[in-house]
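Each structure below is given as structure tokens.
Each of the two complexes below includes subunit A, the first together with subunit B, the second together with subunit C.
Moving on to the complex of A and B:
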């Protein structure tokens, strides 16, 4: 089953189903929902097939679709599965059917607009992750924003207008610089190869001067850090996560935020390896500030949604930290954290939505869930434990690998006379373990425990909801207990990335080839 | 078939069965599953232990690779050597007994199945902890027992105080765990492995530098302090008594809290090359032994007396480790598990008989009503007080002897341990007299219902009391068994023999003094006690408030973090960022757009003016650049 058609089908299927929807005229029928679900499950089936079949050394041609799109500009419609995007492909294709299943009975799911937006969002997210052409990547990167914007604007909470505008404009600012960088890279390829070309495989081999690298790096990183988000670019996050409908929040936190992390892995480091290495300590510092800032803020949030939103800021910080430590272990950790956090945070937001569906706004005062609905309580507890990074859950595997790799890297830097900053940052990041336990267990105490005062007649999880959460929990447990078989799928990609960075470090060690730009200060403070 | 793997897996199966469908099963079946599987694990442990004794070679089992990349490889692997064997026997043995006891103790609880599910989950993690072949496996168990402890402390989750206690235990443990994790990272940086044999082997051959070795040692100690309730991370243990009493016996006395001692023994290869860290371990242990004992004297809650006593006794074990006598530490761990489990279970029987009363001031005169419980409690107390020939005497004496004779031991550290031993005897005498003797202070309604423990509970008490009596006689064979793993620095000089006997006499004497003083002060009218208490008012308040550790952590550390969260980050920085990143740009754009739209007046004269102004600007520019 591993062939280019599968990959193409993966991308086309949601789009095709989105186009079917408008033709269906019945109002208030479940048919559109069923059709949408069939499409999403089809995507999931394809993606699981690819995931299981992929072993890390699979020929990339086997899983790539490459057709010229605007040939004269070197823009190809080039999608392909590789070690770097395979987790993201699985995560995206899993989250959509789960989200739909959880919101199945809501008023939103009655509207074809809602279903269509979800499908278009799925297509564009998959497109972003699978793109092997920079221009195509950029198109999808931007395209994701539109359905999300409309989703918040149409189905959001009271303050949805402001939330949607803030979210849209804020992320747009990052994208504009990104576009400039994309064009610059195209121009560079024109100069160096004689023709326009946006294929990643070509761009990775360009020789970019430090100035160009600097510009590209700053543009890409800014766009990505806004997307993640990372401190201090997170101002859009609490509002957007709070006001968006449950589906929007779960997908924004679960899948969309991962675009930022993916951009760092796919664009920033391979395109600008020298500058990445030079700026790594600065980015690591921002990442660690994010971890602690989000965690401390989450400690005193009375509102459950805001609490999870800030915890997400903290957890995204770990991903960025792992990536810029540039060690195999830490990057593996980040990739796992992408999957783990995607699953856990979406699970948490969806759990909150299940409670809101049952109790309305009064779910905010809920306690003693363990008595009212034991199955809901246990599921919620498992997601909480994954967020706390308890061993045997995916959270532990990923955070351990990130901190492990980071520590080794930091100590190595210190030992070779490259400053104490990274080491101190990683040690500070370890205290995120304590804060994380603090806010997550405070959350658990508030919602799960306490005295059941009156009968509120809450239904426990039904079969549909249970089925929706089982795959999420399966990922949490598998990555927690036996991550190795999954890890080898990404091993080649991770190796290439770290080899690139390691090569740079060696070059930098030679005094003749050190850059003349004033970037040395980045690792000094 | 892999027998070792089955040892932790059996309780896990019990957890899954009782956790998933236990609420639908009859109670007898729940308890059979919950007690039977740990018993089977105990049988398997005995099998492995016999094999180990005959062959002398540790059993190792690699199950699968957990993670692997160029810079890290960690296996899921089990290892059964002499140290794990002792731990494993204690955990499965005492664990099974406490499961059986629980079947009686919890028989009226509505969440019977959930209780046993958690208890089995605890055993699974605890066995992972002691059987793990590398630091990651140990850490997985280490955090896992923390989870089980959290769930069981807050078992009666309708009570807010109990869930708070669980939360506190988990978070304080996590503070220690950061030390553990950093130590593991630092170790790996040098050894390139996380495997115990690899680590100890590496450090036996080469040591990076004293600074590094001491840092590793102190980080590990910090981790151990969290789990084993040593100063300064001991504050969670007294609160942890909120859980059901058998849980306090199993987790917070016999097994989990001693995991720190196991960690120190496992990493003895590091400590033997870290002299400063060793001193810190020894003195920290002595301090905890002393401070814990003083706090035990001032408590009125019977479980809290025992909790502080546990803290103090683990202090002794740490002291032994710090003195290089890891085997003596393990020996005390083993005897302590027996008599402290017996004490807690006895306290449980008392609380059970009094329908939940834990305050010793509301007890008294109970020995006639529950003689069996009294007898077993007395045996275990004697063992704890270090009265020969009970088990605790042998192990405590061994530690005190090392305090005197070990290379880094000294009369000072011995004296601290010696005085603490006297206080131990004193507070146990006090507890026994307040509970079992004197006039009854039990309310009449409860008085009528006092009954001896049911068979399942009583039989366990008898077994443990018997073991508290005879468990110490295996002393030399015990240390001999451990010697392949925990080499012991031999005490210098044969002349030490005489000194050893003098010190032994001194320990017996101080235990006797403690008991006599306890009898003198508490038998009969306790007017003298009140006088003494009033005379040392400030000191009494300091001690009975736990030296204000809790107050400090809560009022300073937690409040500070919360204040930063609420008043600084949420109110100031978030608002500032919102203003700079959202309000300011959007306000600015609004203003500019209003400015431009106000120019579009629709008035032709205005437009002509703009044209003229534009022309003037162009002309000026042309002239200026001409």
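Moving on to the complex of A and C:
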């Protein structure tokens, strides 16, 4: 089953289903929903096949589609699965059917617009993660915004207009510089190889001057940190997460925010290794501020949805921290955290939506859920535990690896006389785990336990909802208990990335004794 | 030679014959619907002829130093005539008088003449033939004083532009003693104060015609005072013809540093002015007018290119912009029947007109430059040549300008998809089937542009 057609089908299937939706019967029928679900499950089946068959050393040609799009400019429609995007492919294709199953009975799911938007979003997200051409990546990176914008606008809460506008305009700011950087890289390729080219494989081998690297790095990091988001670029987050419909919030937090982390891994570090190494401490600092700031804000929230929104800010901080520690273990941790947080946060938002579907706005005053609906309560608790990073859940594996790699990196820098900053940052990041346990368990106590003050006729999870959450919980448990088989799939990609960064460090270590490099200023002596 | 005179200029001859036939029909009070049908047939035949000539690699130097049929002339005429055809099909239902079709045909004839001129005389005649029928179209069949006001402003400022172009041409003649475009190019390449002055003056004339800031004052009034299919005509065919005329003159040569800096300032100012002013507009045609000022800015940006990508980028940009404008106007007229053009009419339109709303949303998002729509690819083609020519700072500033533009385009999308309850319109406007066929044809071309963005590159190369 591992062949280019599978990869193409992965991308085309949701798009094709989105295009046949409009010709189907009008509202009131379940047919559009069923067709959409079939499409999403088809994508899931394909991506599970690829995921299982991929062993980390599979020939990249086997899983790549490469068709010229603007041939004269080297812009190709080039999709391919590699160690870096295989988790994200699985995460994306898994979240969509789960989201649809959880919102199956809502009024939204009755509208073909809703279903169509979900399918188009799935296509463009998969396109972003799978693209092996920088221009194609940029195209999908932006294209994701349109369905999400319309989804928030049409199905969002009271403040939807403001939320949709803030979301779109804020996340687009990053794209201004990003597009300039993309074109600049194409120009560099024109000067160095004699022809326009946007293939990642070509761009990775260009020799970029420090100025160009600097420009590209700033552009990419700005765009990615806004998307994640990471402090201080997070101000769109509370409004957008709060006002979006449940499906939108789950997908934004679960899959779209991962685009930012993916961009850092795919663009920032491989394209500008020297500048990345030099600026890593600064980004680590931002990530740790983000971890602590998100956790403190989450502690103060009374509203569950906002609490999870801020906890997401905190957890995204771990991902960025792991990436910029540039150690194999920490990057593995970040990749796991991408998967783990994607699953857990989407699960949490969807659970809240299940409660809201049952109780309306009064779910905010809910307590003693474990008495009314034990299955719901257990599932919710499992997601909470994954977020808290309890051992044997995926959260623990990933945060442990990130912090382990962080300490390695921090000690390494300290021992070579490069200052204490990173070490201090990593120690502070550990306290984020404690704070995380604080707010999540407070949330659990408030909603799950306590005295049942009045009888609210509330149904427990039905079969459809239970089935929907099983794969999410399976991922939480598998990564928590036996991560190795999953980890080896990304091993090669991670090795290459860290080798690149390590090579840079060695090259820079030599002249450091004689000349002052920008590194010195960046990591704060 | 004689066959070349007939075959090479066949699209022009077809339009000329059409004008004569329409005159006769008008005199003998023939069937009023006949005009539109004849126009559609003639334009489609012209497009077909051009397509055949393109695929055969037909080129001929028809009248030395005056008329030449090269690859660019064939492609540009196909673009103009194709836009005219789609616009014509969209206006079949609304325009029943033969006068409209006659004027449309003469304006298109002017545009085609520009595209195959190799000397300034035919170029100048083409420009005048392009604009003069447009004034008449704006007022014909529309007795409102605002339409006359808009047309009059356009007429006066357009005459100023004509005078500027003439003045520039006389300077060229003074320097070179020739009115051939290629000779003029050689002097521009050689530099010198007089040729820079000539370039700047000619450019100012074209900036006026294309409504680039600060020469834009006529555009908002002219665009908003006429009926919507004429707005579409002004913003699409006329603008595309003016821009492509600049490509005809300057083809791919690099302009001097002084001229480049003037163009950068004016383009950036145009982008910012158009986009910020458009945010405040409450009427669709006004919004279109200000957005067209911004788009003129993007197109002029391509003139600072020195890598030879200008022709391709401007052909793609002009045709995509013209096409999206035509489709957007047609969809707007489908959603909002009659002469109202208040943006409030679009509220909740998705519920009542889903297909037209989605198309209109796609068109405005394309104009805003959101990938993967053709509008983005067009901007990409322009900016990649700008950045490759070493102007990265102006490019980033222009990106910021286009970012501001996204605000008002999103405002339209917001209105279309907002859930405000609107009274269901009683049925579709009469003749909407014809508009739909035009919109359908346009959408097919729109999708093709998205799938094959390199079309003009390969067309220009093939011999």
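To be clear about the criterion, the second predicted complex is superposed on the first by the 515 of 525 C-alpha atoms of A that agree within 3 Å, B and C clash if a C-alpha of one lies under 4 Å from a C-alpha of the other, contacts with A are read in each partner's own complex, and residues count from 1 in each chain.
Going forward, contacts are C-beta pairs under 8 Å (C-beta built on N, C-alpha and C of every residue); 3 or more make two chains touch, one makes a residue touch a chain.
Worth saying up front: this structure is predicted, and the values here are computed from it rather than measured.
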- Should the superposition on subunit A be reported as showing a clash between subunit B and subunit C, or a fit? fit
- Task: Applying the touch criterion given at the start, work out whether A:62 contacts subunit B, subunit C, both or neither, answering first, second, both or neither.
- Result: neither
- Query: A:154 contacts which: subunit B (first), subunit C (second), both, neither?
  - Reply: second
- Query: What is the contact status of A:113 with respect to subunit B (first) and subunit C (second): first, second, both, or neither?
  - Reply: second
- In degrees, to the nearest 10, note the angle that opens at the C-alpha centre of subunit A toward the centres of subunit B and subunit C. 160
- Message: On the A-aligned overlay, A:392 touches which partner chain: subunit B = first, subunit C = second, or both, or neither?
- Response: first
- Considering only the touch criterion stated at the top, classify A:45 as touching first (subunit B), second (subunit C), both, or neither. neither
- Item | subunit B versus subunit C as contact partner of A:176, first or second or both or neither | second
- Message: Quick check on the superposed pair: does A:450 touch subunit B, subunit C, both, or neither? Answer first, second, both or neither.
- Response: first
- Query: Is A:442 in contact with subunit B, with subunit C, with both, or with neither (first, second, both, neither)?
  - Reply: first
- Query: Of subunit B and subunit C, which one contacts the greater number of residues in subunit A?
  - Reply: B
- Note down the smallest distance between any C-alpha of subunit B and any C-alpha of subunit C in the overlay, whole angstrom. 5
- Note on the structure: In subunit A, both subunit B and subunit C touch residues 165, 169
- Could you please specify the touching residues of subunit B with respect to subunit A in the complex? 64-72, 76, 136, 139-141, 143-144, 147, 150, 154, 157-158, 160, 163-164, 167, 170-171, 174-175, 177-178, 181-182, 185-186, 188-189, 561-562, 564-566, 569-570, 574, 577-578, 581-582, 585-586
- subunit A residues touching subunit C - in the complex, by the definition given at the top: 22, 69-73, 75, 113, 135, 138-140, 142-143, 145-146, 149-150, 153-154, 161, 164-165, 168-169, 172-173, 176-177, 179-180, 183-184, 186-187, 190, 196
- Of subunit A, residues touching subunit B in the complex: 165-166, 169-170, 232-236, 238, 293, 296-297, 299-300, 327-329, 332, 368, 370-371, 385, 390-392, 396-397, 400-401, 403-405, 407-408, 411-412, 427, 430-431, 433-435, 437-438, 441-442, 445, 448-452, 482-484, 487-488, 491, 494-495, 498
- Along subunit C, where are the residues that touch subunit A in the complex? 350, 354-355, 361, 365, 370-372, 376-377, 380, 383-384, 387-388, 392, 395-396, 399-400, 403, 406-407, 410, 413-414, 417-419, 453-454, 457-458
